[in-house]
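Order as written gives the chain letters A, B, C and D; numbering starts at 1 within each chain.
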Amino acid sequence: MSNETTLASERFGLRRLSNWGRWGANDERGTANFITPAVIAQAGAEVKRGAVFFCGVPMDNAPPTHPGRTGIIHLMPVVNVAAAEVGMKSQGIFNDNLVTMNVSAATQWDGLVHCGYDGAYYNGVKTAQVSAHRGATRNAVDKLSDSLITRGVLVDMVAHKGRDAEGHLAPGYAITPDDLNACLRAENVTVRSGDALLVHTGWTAHWYAHPGQRASYFASQPGMSIKTLEWLDDHQIGCIAVDNTGVEVKPSEVAGEELPFHLVAIRDLGLTIGEVFDFAALAKDSRDDRRYTSFFVAPAQALVGGCNTAPTPVAIK
Amino acid sequence: MSNETTLASERFGLRRLSNWGRWGANDERGTANFITPAVIAQAGAEVKRGAVFFCGVPMDNAPPTHPGRTGIIHLMPVVNVAAAEVGMKSQGIFNDNLVTMNVSAATQWDGLVHCGYDGAYYNGVKTAQVSAHRGATRNAVDKLSDSLITRGVLVDMVAHKGRDAEGHLAPGYAITPDDLNACLRAENVTVRSGDALLVHTGWTAHWYAHPGQRASYFASQPGMSIKTLEWLDDHQIGCIAVDNTGVEVKPSEVAGEELPFHLVAIRDLGLTIGEVFDFAALAKDSRDDRRYTSFFVAPAQALVGGCNTAPTPVAIK
Amino acid sequence: MSNETTLASERFGLRRLSNWGRWGANDERGTANFITPAVIAQAGAEVKRGAVFFCGVPMDNAPPTHPGRTGIIHLMPVVNVAAAEVGMKSQGIFNDNLVTMNVSAATQWDGLVHCGYDGAYYNGVKTAQVSAHRGATRNAVDKLSDSLITRGVLVDMVAHKGRDAEGHLAPGYAITPDDLNACLRAENVTVRSGDALLVHTGWTAHWYAHPGQRASYFASQPGMSIKTLEWLDDHQIGCIAVDNTGVEVKPSEVAGEELPFHLVAIRDLGLTIGEVFDFAALAKDSRDDRRYTSFFVAPAQALVGGCNTAPTPVAIK
Amino acid sequence: MSNETTLASERFGLRRLSNWGRWGANDERGTANFITPAVIAQAGAEVKRGAVFFCGVPMDNAPPTHPGRTGIIHLMPVVNVAAAEVGMKSQGIFNDNLVTMNVSAATQWDGLVHCGYDGAYYNGVKTAQVSAHRGATRNAVDKLSDSLITRGVLVDMVAHKGRDAEGHLAPGYAITPDDLNACLRAENVTVRSGDALLVHTGWTAHWYAHPGQRASYFASQPGMSIKTLEWLDDHQIGCIAVDNTGVEVKPSEVAGEELPFHLVAIRDLGLTIGEVFDFAALAKDSRDDRRYTSFFVAPAQALVGGCNTAPTPVAIK
């Protein structure tokens, strides 16, 4: 099917990029297939000091995500309830909490039906296989509730580009393959098949450091150039997470296409991409001990039929 | 403060059990303090084959949780949207999903303000410090988004009690300290400070295997006897997760108190307890390779001010 | 378009029933068009004593609606908040409340895109004109936020059939055109074009009177026979509301079609139908003063693009 | 009880204003008690031409309400569902819709536990009688699901102040008793006990007419001066609705108290006040036919235990 179409990568001046069929006609996991048991076993060896770094943002009422999305409503509807009041025999007091949220309101993985084009999602799944009442009958995020667990490789672009004073790359800066190669060389890391690429742009920290500048936060962001798509494919990256709101650079590098990286990564490569991560603490620690690799554990929630998921990512060193 | 009161453990005929003040007057993490970096580092060595076992239940519209709780509403409000329809310049089609749920609707950790008594929560936090509009200003679950990562010790009570044919312990069966000791001896495991105790009763699997018996599912369940509270304290268990709906046995062992284990564990010991887990696959694998330990990773969601959390627990071997 | 198809009414052995085109090709209001200003002006004269009867059910957590629907989650997330706590300069304390509900969880009007068949809704609206992210771009309920205000004619079937002892018609009883004619004759009412027909079966009251019988409440209910569809059309009824969960009798009178009345009424006649109303108090008063007509005011909520609506219906006498 | 305290009205330089006890120690309806059957019967005579004016705003995702409130999430989770897909025997296709909203997100009545001070709400209800899990056990809005139906008197301040060119009163303009008297005299209306006062400031229309000016919309608004509280009490007004976001003028007339009108009106007078109404169409019609009175029907939703309610108000002439 993908053979008959002009792929998005080709429209964008890249080489033909597609993993359709690579892991069989029925595959629903995409590049997470690179994360084999052997990869995980090797990644486990990254746990050395027992230091844990939470790589997400607080789930409060103002996370740095797309302004069109519903925020997080987090309530404690049952509060300090003496048990007797709710018909329970107990001397206790109890609380429950309730959440209403766009799953993409804070730290998130975009799953393999988050976006598509030409009437299809990753591996030829048809748009009719995704509906409001049934969710995604193929490629749903719950297929990855035992994956996205692998070696994490932090690409500390803030340090590499000498942006420590600002704390973040320049808004609109597009990270290139050369940037990745140079940064990894400086960090003395050789990327392996199945790695999670964790890209530190500093943009999430900027949200919290400068609340007054939030109005312009979304329109212009540092992020991945579409040129890195070939690099990610060459290196068989298992998943990529960035501390901005859309992984890719904004404004877009392609006229008339706001999210070109998304189209290729998710629909053609089957690459799970992570947004609104926070690597500030991990980056600080990595500079201190000069080790940029970790055991990265961020499995997808088991949201049956879900298109996106809100993980609790941790990097363990 | 706890010294002046008759503690729940004493009312229930146990020895005086309390960790208030053990890690300082301001501690908000309770027994998760046993999970030190050294514990985590040692636990990481459990990753050997790179096999991952998801230990939660599917987040669908009928998880086996307390019938009084709001279920999971999981919708995909934006489905197959041609980008142009939502004012985006793109040839793509996009989906988002939205969740409304009681955080305790499926697999859950009860946090340290989930329950209390005598006007106080763990470590002397007052009921006034928890409110509907602010949530928990102390002891909230987001304090553990970088914890609950440790060695998991599976206590396969189903196998140990010879209940393979039924697949679960008898409803109402109360697991005792002797049971734990005997089962661990048979498994050749010595519990260590900071371990996560993962108790396999088979009750979650029973929900899925026998939908017709759900009406009686909650009232009578296998689970922990209150007598194990002293054992958990003696062994400095970091957290405990069970594959039933309330960790403890139902009906209650204490007249006039439906949740006696909860009161002591959460409020006095500061023990994070996990409900509606599923250890069926992990148990099967453990019987096969005769290894009952794993690297257990189940950090709390960063729900600011939350009382409970819905983790995505994985055991990695 | 409707001319080329076999209509549902014909399949069900009725005469050809359709109002498509009757009020123009772009009409979105259906039989609410019968409710003209002249009809409303005349109906206003029903206000005599100033007695008001609320004709809905309480919006609590257990209304008598379809069991597959999400119930009402009604919370007060901000409770007794001293203003200073939320950054407001005030000596006051404040509360807000929040609702999450299937709009059809309690008293409801089914709007003109609630159901269709053969790829179309009332007046030829195509299924593609209704989507999860945009809602109904045609025939939405907010078109009737200034309508469904007319003379209400109570058809007190409970009294007419001598079912005062039970308080409701027999489960499964199908109300026929002869029933309507006889009952209205006994009540001394002549139906007029644009009237709201309010049918008292007693079934809603049964829900509240006999909580123990709720398990069998839905499967068998008294309600309208499909034969009344011709009668409703003949009499140019503006809207119909019944105190059961689906207007029509259950089980269905048509093999293989659970909701035959719905298909004809909503899709072909453009008739707004009301469910889960409560006419107990109105019926009692009507027996007392022997007047079965009222000024019935139940406009649709202004839910932009909505398919159903939760009105607050009142009958004023 | 109220006798022992300095009332808010006294603090604000008004005369002592309180209706506590006026309709008995257990009254939960406040000034809605002025709306007697006789008042309603007389009001019904306002229905003459049968013209209906919806006086609320569209329930979409951007209504003009307080920016701190959760907006309206309105979804159609079940869309174009062929019945067979959801296990129903039918040739039909069906839709349902779901709403999550702060009840005060759009057109709203503030009920008698929306605000209080000094630990009490209207008629001496204590703050402990209102909680997150039980809602309001006294003074809840569902007590008024058969009220707020009376004669509506439109006070067209836009016309009276010669602000037709702008379409609204000046931001920050405080409507005084003299304004009310003069405007009503010009309209040839004598206010009666139990009337609903409908105040046209033009501010709601301004929201829709000038989307670009929304950032400054809330901070400065035309609205009622606190001096009108005595007038409202003198004239035994049943309820008041205004087309701005808080009934009262903003900024506040009282230093250190953002919502002085609220405290007196809701807590001391028991006056139900309505916000985010829209009287543009009603005002236009009233100018045309020189009749400023109508039959105003806006009963509260039957939200059990609710503090606020989202009515569907109509004025019928």
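As a working rule, a contact is a pair of C-beta atoms (placed from the backbone, for glycine too) under 8 Å apart; a residue touches a chain by one contact, two chains touch by 3 or more.
Not measured: the values here are computed from a predicted model.
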Intersection of the contact lists for chain C and chain D: A, B
Which of A-D and A-B has more C-beta contact pairs: A-B
Same vs different contact residues, chain A with chain C, by half of numbers used: same
Inter-chain centre distance, chain A versus chain C - centres from mean C-alpha coordinates, in Å: 47
Length of the line joining the C-alpha centres of chain A and chain B, rounded to whole Å: 27
Whole-Å gap between the CA centroids of chain A and chain D: 45
Multi-partner residues of chain B (at least 2 other chains): 70, 73, 75-77, 79, 86, 98, 100, 131-132
Partner chain B, residues of chain D touching it in the complex: 73, 75, 77, 79, 98, 100, 132
Chain A partner contacts - residues on chain D that touch it in the complex: 70, 73, 75-79, 81, 85-86, 100, 131-134
Touching residues (chain side chain D, partner chain C) in the complex: 8, 36-54, 56-60, 68-70, 74-77, 79-80, 83, 86, 88-104, 106-107, 113-119, 127, 130-132, 135-136, 142, 145-147, 149, 256-259, 262-263, 267, 295, 297, 299-308, 310-312, 314, 316
